[in-house]
Every structure is written in structure tokens, then in C-alpha cells.
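Input: structures, listed below.
One chain, chain A, links the two complexes that follow: it is found with chain B in the first and with chain C in the second.
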Partner chain A sequence: MRALVIDDSRAMRMMIGRLLTQQGFEILQAGDGQEALDVLGACEPHELPVLCTVDWNMPVMDGLTFVQSARKRTELRDLTLMMVTTESENHQVVRALAAGAHEYLIKPFTAEAMADKLDLLGLDPSRRVA
Partner chain B sequence: MTTTDAPADALGSTPAAVSVEDLQQIADDVWATFLDAGDVPPPGDDAGTDAETDPETDPGTDAVHSAIAVLGSWEGQVVVECSRTAAERMARQMLMVTDVTPADLDDTVGELVNVVGGNVKSLVPAPSSLGLPVTEAGRWVAGGAAPVCSVHLDWAGHPVTVSVWSAA
Partner chain C sequence: MTLSPEAFRFVADLVRRESAIVLETGKEYLVDSRLRSLAVAAGDADVNAYVDRLRRPDGAREKSKVVEAMTTNETSWFRDREPFQALSGTIFQELMQRPNASRTIRIWSAACSSGQEAYTIAMLAAEHVVPLGWRVEIVATDLAQSMVDRTREGRYSQLEIGRGMPAPLLVKYFQREGTGWKVSDQLRSMVRVQTLNLAAPYPPMPVFDIVFLRNVLIYFDAATKKQVLGRVRQVLDPQGYLFLGGAETTLGIDDSWERSTIGRFTVNRPRGAVAAPTVGTAPLSGLAARKVI
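After this line comes the complex of A and B, so read on.
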């Protein structure tokens, strides 16, 4: 399974990527929402990731706009979107979920918290029976 | 990562509703989560040794700071300040690289202040938003900003200061 990590910080992309790699994902990366749409647009249907982790505050296109854009694209209907952000106020969580995000993880987070979210989403490859 | 023995210092009133205890908790959580003990790639051939670049041997000339603005009902800055040696080590650990470029250093310290700033933002009156981090060489210059609170960390033997400032 593939995951697309969207964050304007390379350090954060690396960190999230390492955690997801440990969970069995193959990692794609994008530095903002527009780049993420470009990466997804370049994928053949069978190459599409099953999961996107989405930072909120990014230049060019922020995470909320990316979620809204992705949700309008039928070819991305099976994509699971998880916000991974410092935006921790309740009204921001509500906005993201209303826009189409499936889960919400607040930075800083532990590896266990990430694994729990993946488990909730049914996306933990390490816990799947072949 | 441990905090210093000395109590964190309250520098003034707290109009932002950010207490020293809040900031200490946030900073401890961020450093423990992202930079707790783990494998740190050694410096590359181009890097100096800690002893050569440690700010304690050359105070004031080797500092790095990153600041992020909180905008809205309350306005101010959140700042992370440390030595370049510490910043390079943080970058090596978070990026798992041996040679740290200036962009790597900016990115790493910028992301740390971004996460601290985001958590500080949740404590100040809404509505508020976060700017993008700006990382620069040298010590933080407050200008007309008023100190709200500050905490000091001891990360891997390197002092790190995290502070909150209210706009004038």
C-alpha cells in the first residue's frame, strides 16, 4: 500500500514517512496541496495511494483546500485523508472533517498515536492478515 | 531530553493566557516526540566538531533562532533559539542525514517552532492564525515585543530556549 505525505517541512515528511514505512507503506511525498494533486494526477489508478497525511498550514495550497479539492475528484473517492497538523482547536477539527478528512492527528504525536489512527481507519498493513 | 533544574522564568504578565507551565509542557512534548534519544547520524566530513563550534566557546556568534507569528485576537511571536551546533544535530536526527545544508537547518528549526507555535495558538483567544516560520542566524531580537514567558531545555547537552512574546 502507498501513502502520500503532504507537508511543507522536509523534516516532518521524513519523520511521518519513517513511521509509515515501519507500518509497511510505500511513501510518496509532496510539499504542498497543489504538488499533492499533481502527484496524484500522475498516478495510474492502480498506483494511487490509499492514504494521504495532510498538513494544514502550507504555502501555495493549504491542507484544507487540498482536502476540498480531492473530495471533488471521483477518481480519488477511495483515498483516505488524515490531517496531521498543529491546528488543534475544535472548530478547526470540525472544519477539516466537514471538508472530507477522515481522521485528525495533532502534532506533536507519537508513533503509537499514528498506529492507533491507522488501525481505526483499517489501514495498518502490519495488522492485516495476508 | 531533560529540562534544566532551574525553574522556568516568568518574564512578565501573561495577557496571552500562556503560562510558563503551559509552555514547558508544550516544549517538553515536542522535543520528546521529535528529538528524544535515538540514532543520530554523525556529522559529515564538512562539519566541525561540537567543541569547535559550541556557542559556549564562542557565545553570541553562533546562535540560530526561528520565529513564528500568531495573528488574530492576540498577536505575538513564538521563538526557538539555540546554537548552530544544536540546530545541526536536530536536523541530522530529524532528517537522518550526515551533512546538513542551510535549507535543512531552516526546515528543522522552523518545523519545531511551527509545532510549538501551533500549540501556543490553541491557548490564546480565538480567532487566531499562524504565520510561516522564519529562521535566521543570530540571537532573537525582540524589538518592541514584550516578553510573556520563556522556558529553557537541555537537549543532548545543548541549551535551547523557547519563548513567547506579545506584539507591542
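After this line comes the complex of A and C, so read on.
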């Protein structure tokens, strides 16, 4: 299973990537929403990630716009989108969910919190059927 | 139960030395269940092999993980997931099919700690029961006054909220307050909180349809477990449901219970209760319904 980590901070991409690698994911990376759409566009259907973690504030294309764009593409209908951001106001969570995000993880977070979110999304490796 | 007496003594000595928490004989289940995931992560076949690893000169890092695992009061929203899927997908529906003049479901969250379990139940009730014109009354109890106060207050830090709270339910039932979140008045009005010692005679209590007694029995010796189960039986409806933790059982302790399976979850019922209906295990509301496990 592949995951695409979208964040303009290289350090954050590495950190999230490491946590997801421990959970059994193969990691792709993108530094903004447009780059993420390019990465996804270059994937064959069987190569598509099952999960994107999406930062909100990024240059070129922000995370909310990326989520809205990804949701419009039928070839990405099975993609699970999780915002991972410092934006923590109630109305921002509401906005992201309305745009099509499935989950929302507020930075800073612990490894256990990430694991809990994967569990909620049915992406926990210990519950995954091989 | 796989933990050897030698391995248990080693872990108990380690934890007492590092944390002053005493793990008496009878807590083997607790050690076994808490260390299982560490053993798996380290690539060991079982907890005994993992404890052998701790004894080696290079075991210091693993030892600190063990102390943390044994002393952390783990609590999270929708903890273990399956019990709550059984509750919302089957048990609520079964209870609402019964004749019940007051249209009220009563639930006890025993040893509620900081309240995540009680409010998780309240969220599911608000989603699945209240819209159908039924009421849900939840009694949350804990031995510690500090936990009772925390539950009553219903304030949680961002890190606490991060442990398993589905985002759609967060925005529906919590308000941002400073750097944390506060549970809504709707949920708070469903939960009554009080101190209670499970190992002593109980004050007058209502008859409950469901009792959550999860990850509590592991702290008691066999005689106290039997006493607690006996008291719980007195306040549980004869057709009610008892939820225990994943590593807990009534087997070999109190034979007045029988087990019933709902999906991947095993619930305990007073012996003689009718079999659980197969209403189904609908996905939890707000929990990535499109992902089927």
C-alpha cells in the first residue's frame, strides 16, 4: 500500500513518512497540492496510493484546494484524504470535511494519534486483510 | 496466558524500581496484554521472549518502553472500536425493539477514567438512539475524585482529542475552547458522573441495560473479580449486556454469565438471556463508513 505525504516542510514529510513506513506504507512525497496532483496523474491505476496526508498551508496550491480537486477526479474516488495541519479551529475542520477530506489530524500529534486515525480509516495494518 | 512467573517477576521488579507502581501476583494478564504489542514490534515470538531481550545488556531502551507501557493510563475515544460497532450496529437496535414504556436505555460506564468511554457512548446514542425518540442515560463512575471531576468538566487537550476521535464527530459534539476542546451540553446532559468503588458495596443504582466494565477486572485478584461480577449482575437487567476488555473474561471466575458474539466482538450476558439478535454490524457513524474491515 502506498501513501502520498503532501507537505511543504521537508522535515514534516520525513516525519510523517517515517510513521507511515512503520505502519507498512510505501511513501510518495509532494511539496504542494499541484505537485501532488502531478504525482497522482503520473501513477498507473494500480500504483495509486490509498492514502494522502494533506497539509493545509502550502505554496502554489494549498491543501484545501488539493482536496477539492482530488474529489472531482473519478479515478481518485478510492483515495482516502486526511488533513494533517496546524489549523485547529472548529470551522476549519468543518470546511475540510465539507471539501471531501475523510479525517483531520491536528499538529502536533503523537505516533499513537496517527495510528488511531489509520485505524479509524480502516488502514491499520493489524486489521488489514492480506 | 503465556507469561512465565520468572518473566512476570522481572517486569514487576523493573516497574517497581522505575515507577513505584506495584504489580502484585495476579496482574500477569495486565503485563501480558500491555507488552504484547512491544513484543510483536521487536520481532519476538511472545512476551517471554521479549522479556528475555530486556535482560540483555542492550535492553535499556526496551526497558523504558516497558515502564511506559505499564504506567500509562491509556484511554482513547472509540477504544478498540469493535465494542462500539456492536453497540451502534446491533445492541441499540435490539434494545429499542423491546417493550419499554419509558423508551429509555440506561448504561453504566464503570471506571470511566477521564470520561472518553462515557462520551463515546453518548455520541453513538446521540447518533443512533436519540433521533428515534428514545432517551439514553449514562452513569459514569470512577474511584478517583480527580477523574470524576475531569469527566464532569468534559474538557480535553488537543493531544487527548487526537487519540481516536473521528473528525466528523469532533466538530459535531465538541467546541474549541482555548487550546483544547469541550464536550457539548447535549452530551454532558446525557452523562451523570459520581465516585464509586467497584470493590465495595454499591450505593442504590438503577437497573442498567448495558454495563461497560472494560480493562478493570485485570487490576483485581480472583476473589475480588468474582465479587465485582456478582455485584454488576445485581444491577444489570437479566437481558442486559456486559462489556469487558479484550483480555478479560468471566470464564473460570463466575459461571452465571454466557458469551455472545456480535461481529468480531464478544459480549457477556447473564446466563439465560436470549441470544443476541443478528441485526447487523453497521459501520459506526462518522467512522469512514465506506471502508469495510
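The definition used in the following text is that the second predicted complex is superposed on the first by the 127 of 130 C-alpha atoms of A that agree within 3 Å, B and C clash if a C-alpha of one lies under 4 Å from a C-alpha of the other, contacts with A are read in each partner's own complex, and residues count from 1 in each chain.
Quick note on the criterion: contacts are C-beta pairs under 8 Å (C-beta built on N, C-alpha and C of every residue); 3 or more make two chains touch, one makes a residue touch a chain.
Computed from a prediction, not measured in an experiment: that's the story for all the values here.
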**Message:** By the touch definition at the top of the document, which applies to A:Glu44: first (chain B), second (chain C), both, or neither?
**Reply:** neither
**Request:** Kindly classify A:Asp119 by the partners it touches after superposition: chain B alone (first), chain C alone (second), both, or neither?
**Result:** second
**Prompt:** Once the shared chain is lined up, is A:Ser88 touching chain B (first), chain C (second), both, or neither of them?
**Reply:** both
**Item:** Superposition-derived comparison: chain B or chain C, residues of chain A touched
**Value:** C
**Asked** Which holds for A:Thr80: it touches chain B only (first), chain C only (second), both, or neither?
**Response** second
**Asked** Regarding the shared-chain residue A:Tyr104, is it in contact with chain B (first), chain C (second), both, or neither?
**Response** second
**Asked** Do chain B and chain C touch any of the same residues on chain A, and if so, which?
**Response** 88-89, 108-110
**Item:** In the complex, chain C residues that touch chain A
**Value:** 76, 78, 81, 158-159, 161-164, 166-168, 170-171, 174-176, 287-288, 291-293
**Request:** Please name which positions on chain B make contact with chain A in the complex.
**Result:** 29-30, 32-34, 91, 94-96, 104, 107-108, 110-111, 114-115, 117-119, 121-122, 126, 130, 132
**Message:** Looking at the complex, which residues from chain A come into contact with chain C?
**Reply:** 80, 88-90, 93-94, 96-97, 101-106, 108-110, 112-113, 116-117, 119-123, 127, 129
**Message:** Help me check something: in the complex, which residues belonging to chain A touch chain B?
**Reply:** 9-12, 14-15, 18, 57, 59, 85-89, 91, 107-110
